[in-house]
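Read from first to last, the chains carry the letters A, B and C; within each, the first residue is number 1.
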């Protein structure tokens, strides 16, 4: 069953400069889809459209059977959580526990339930010892973990990570990736938006955006095999993949090394 | 030596009274004769504090930093009332991580000439410099008339770098210049630094988290860990050291893949490759 | 720079900490009213001693309160001097004749200049100022050689003295009480308390919840903004903006170079923050539940009753005596 269906979606801020044109996308329940593109490819605009922060010029977005419009937008938002790029600009609460509670407060959760869930999800992202801490005493990675806990606590079916790791250092980035894998394994539909192919290879499917258009969409393995598309995407190829392509070009027929490089590309 | 650190310590006193040592006993020499240095280490290891000592934005709690012959120590302002630290900032140009911290004028041109004018360069000459430098940073002259706020992230970064380059510093220091950029933007910027380094013969110091940058570009690498300078030397030497993990550092991708191939193919590669082509040749030779 | 404490809250365990912020706010109001009802220096002294007893029971160090008084020290000294010098009712207590002449004015000016240049080396500047002021007074009353210019009499009357003490004590009480409030209440609780107390304003279409949300978001971002301002200052200093050594005419440009980035960053931030809040199902004006609830306990009722009785007592004292 498709939890998200996007049909012929177009959007522009200025009339003659389309940011997204005719985007089609179907995401199944429980899938992990990466939206991959360079800066300015329109990938973050797409996430804002899905959650109704921007209004499409053309096309349709259906989330869990609900067609997104002015009336359904609040209901759609209850199904989707989103972690944004800048850790500092999405931390609403004065303390960690206040921030985790913010979404639940808006959804009118009972106080006892909130306390229970704060405890549960703070522990899940390993922030249980920081509940009373203020944001300026936390690192960027810790703030992003708090944001994740706040969304998990709302029990949404879908979580979008909109370049959520791009302002973090490598250690913070790896931690967030681990939590994303875990969340997806527990059945939550995940969309990660990134320009880093290394992050994208972990997902089930990859959508490549180039200048607002869908360049390719398919299973991760198929996308990685599609040399021509990748080369035209302006994205940086993974190193083992580059080597693999070189070996194929030189007509070296050694299946062992090809298999090894393929595994390394998938980060297995 | 252009910059010399001698037993430099730096300590914060926070509002709750506890103190935090950001730098511990740093000894370091940097010349202005065309070095390409990368400075790496975990978040909070003292990298930014270290570079802020290089142009006297902060003064050491103890020890001294000598920048172009001027000794900077803790109570310099009390001992020597006439000392001017401002001119040092022209010699050592520091570009901050976010261009948003520095851009404020109506046009790119005005923003670029702001620095030079502060150091007493005549407006006409500053404008001449701006016209050259905007091309140097990979933008064309039409950008000079535009507002710095309507540019893309990568363009803003270039303008902010142009604003520092226009001061004609001998040493250019950049705090995480490539963070938030996509791979293409990152590579273009790193090529820019290489050409500044090669053609203008300036020393370039880059703070980064990206080991690929260190391996590909740097002639020297400094590693900070918990306020200490734990490594100062050749990048290749660093990446063959055993204690990388203690400093929470990764290997560059190319070395990672080489090591994994060695492991899986059961071979020994003596000379580490610098890029994919070299690795390809090695692999071809082995097969 | 990493550890900025918002507000003055210092954790503690006394009854003041156990109180509901609403009752603290109400009690503060009531006691402030009392200070304005009381008109006599002895009555207000009684009140001051009661306040001091409260501090003792509440386990609050006098030193902390003194620090709260420091910013209004100038105001205190000014009102005190003003009252003493210009109130001419009651009986005459003391009279000082000041003779002005060219020489003693010159010496006084000289002393003052010496004061201006030496004060930064003194530990107790206020005391130093008082000593210099006293020295100048003494000079005028005792030594007046050279060309004689005129005479002024300083007269101190009983009403002036009592009035000066009265006003000073009243100010001290008000500042002490408010300091006690901010010392013992977390900014978040204070905001919540204010929100509840301002609820009746919804009649005139002012939403106390929104006001409270605005205050709490501001509180959350103050340290971030300070940190950012510091970084912007360093970034501009790197471009030769000399915030310490610069000339006056450059000051305007320096301030602009600081303010413009601050504004631009803040606009972008508020935009992103609004998005993040909406994405987490925030709808302005809609009902929300709250993680923090205020709990009214017996202490609160007692404190309110005591404060109300105190107001009644003050009125009784003023009317009957």
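The rule is short, and it goes like this: contacts are C-beta pairs under 8 Å (C-beta built on N, C-alpha and C of every residue); 3 or more make two chains touch, one makes a residue touch a chain.
Since we're looking at a predicted model, the values are computed, not measured.
Participant: Taking each chain's centre as the mean of its C-alpha atoms, give the chain farthest from chain A.
Facilitator: C
Participant: Write out the two chains that share the greatest number of C-beta pairs in contact.
Facilitator: Pair with the most C-beta pairs in contact: A-C.
Participant: Among all chains, which one's averaged Cα position is nearest the averaged Cα position of every protein chain shown?
Facilitator: Taking the mean of C-alpha atoms per chain, the most central one is B.
Participant: Between chain B and chain C, what distance separates the C-alpha centroids? Give it in angstrom.
Facilitator: Inter-chain centre distance comes to 45 Å.
Participant: Could you state the distance in Å from the CA-based centre of chain A to that of chain C?
Facilitator: Chain centres of chain A and chain C, defined by C-alpha means, are spaced 49 Å apart.
Participant: Please report how many Å separate the Cα centroid of chain A from that of chain B, as a whole number.
Facilitator: 31
Participant: For chain C, jot down the residues that touch at least 2 other chains.
Facilitator: 2-4, 268
Participant: Multi-chain contacts only, two chains or more: what residues does chain A have there?
Facilitator: Within chain A, no residue contacts more than one other chain.
Participant: Please output the residues of chain B touching chain A within their complex, sorted ascending.
Facilitator: 42-44, 152-154, 179-185, 187, 209, 248, 250, 253-254, 257, 260-261, 264-265, 276-277, 279-280, 283-284, 287
Participant: Which stretch or stretches of chain B touch chain C in the complex?
Facilitator: 12, 14-16, 18, 20, 52, 55, 57, 84-86, 89-90, 93-96, 100-105, 114-115, 118-119, 149, 163-164, 167
Participant: Which stretch or stretches of chain C touch chain B in the complex?
Facilitator: So the residues of chain C touching chain B come out as 1-5, 228, 231-232, 234-242, 245, 256-257, 260-261, 264-265, 268.
Participant: Quick check: in the complex, which residue numbers of chain A touch chain B?
Facilitator: 38-40, 139-140, 166-167, 169-172, 195-196, 234-236, 239-240, 242-243, 246-247, 250, 252, 254, 256-257, 260, 264
Participant: Over in the complex, which chain C residues touch chain A? Could you list them?
Facilitator: Where chain C meets chain A, its residues are 2-4, 6, 187-188, 216-217, 219-220, 223-224, 227, 268-269, 272-273, 275-283, 286-293.
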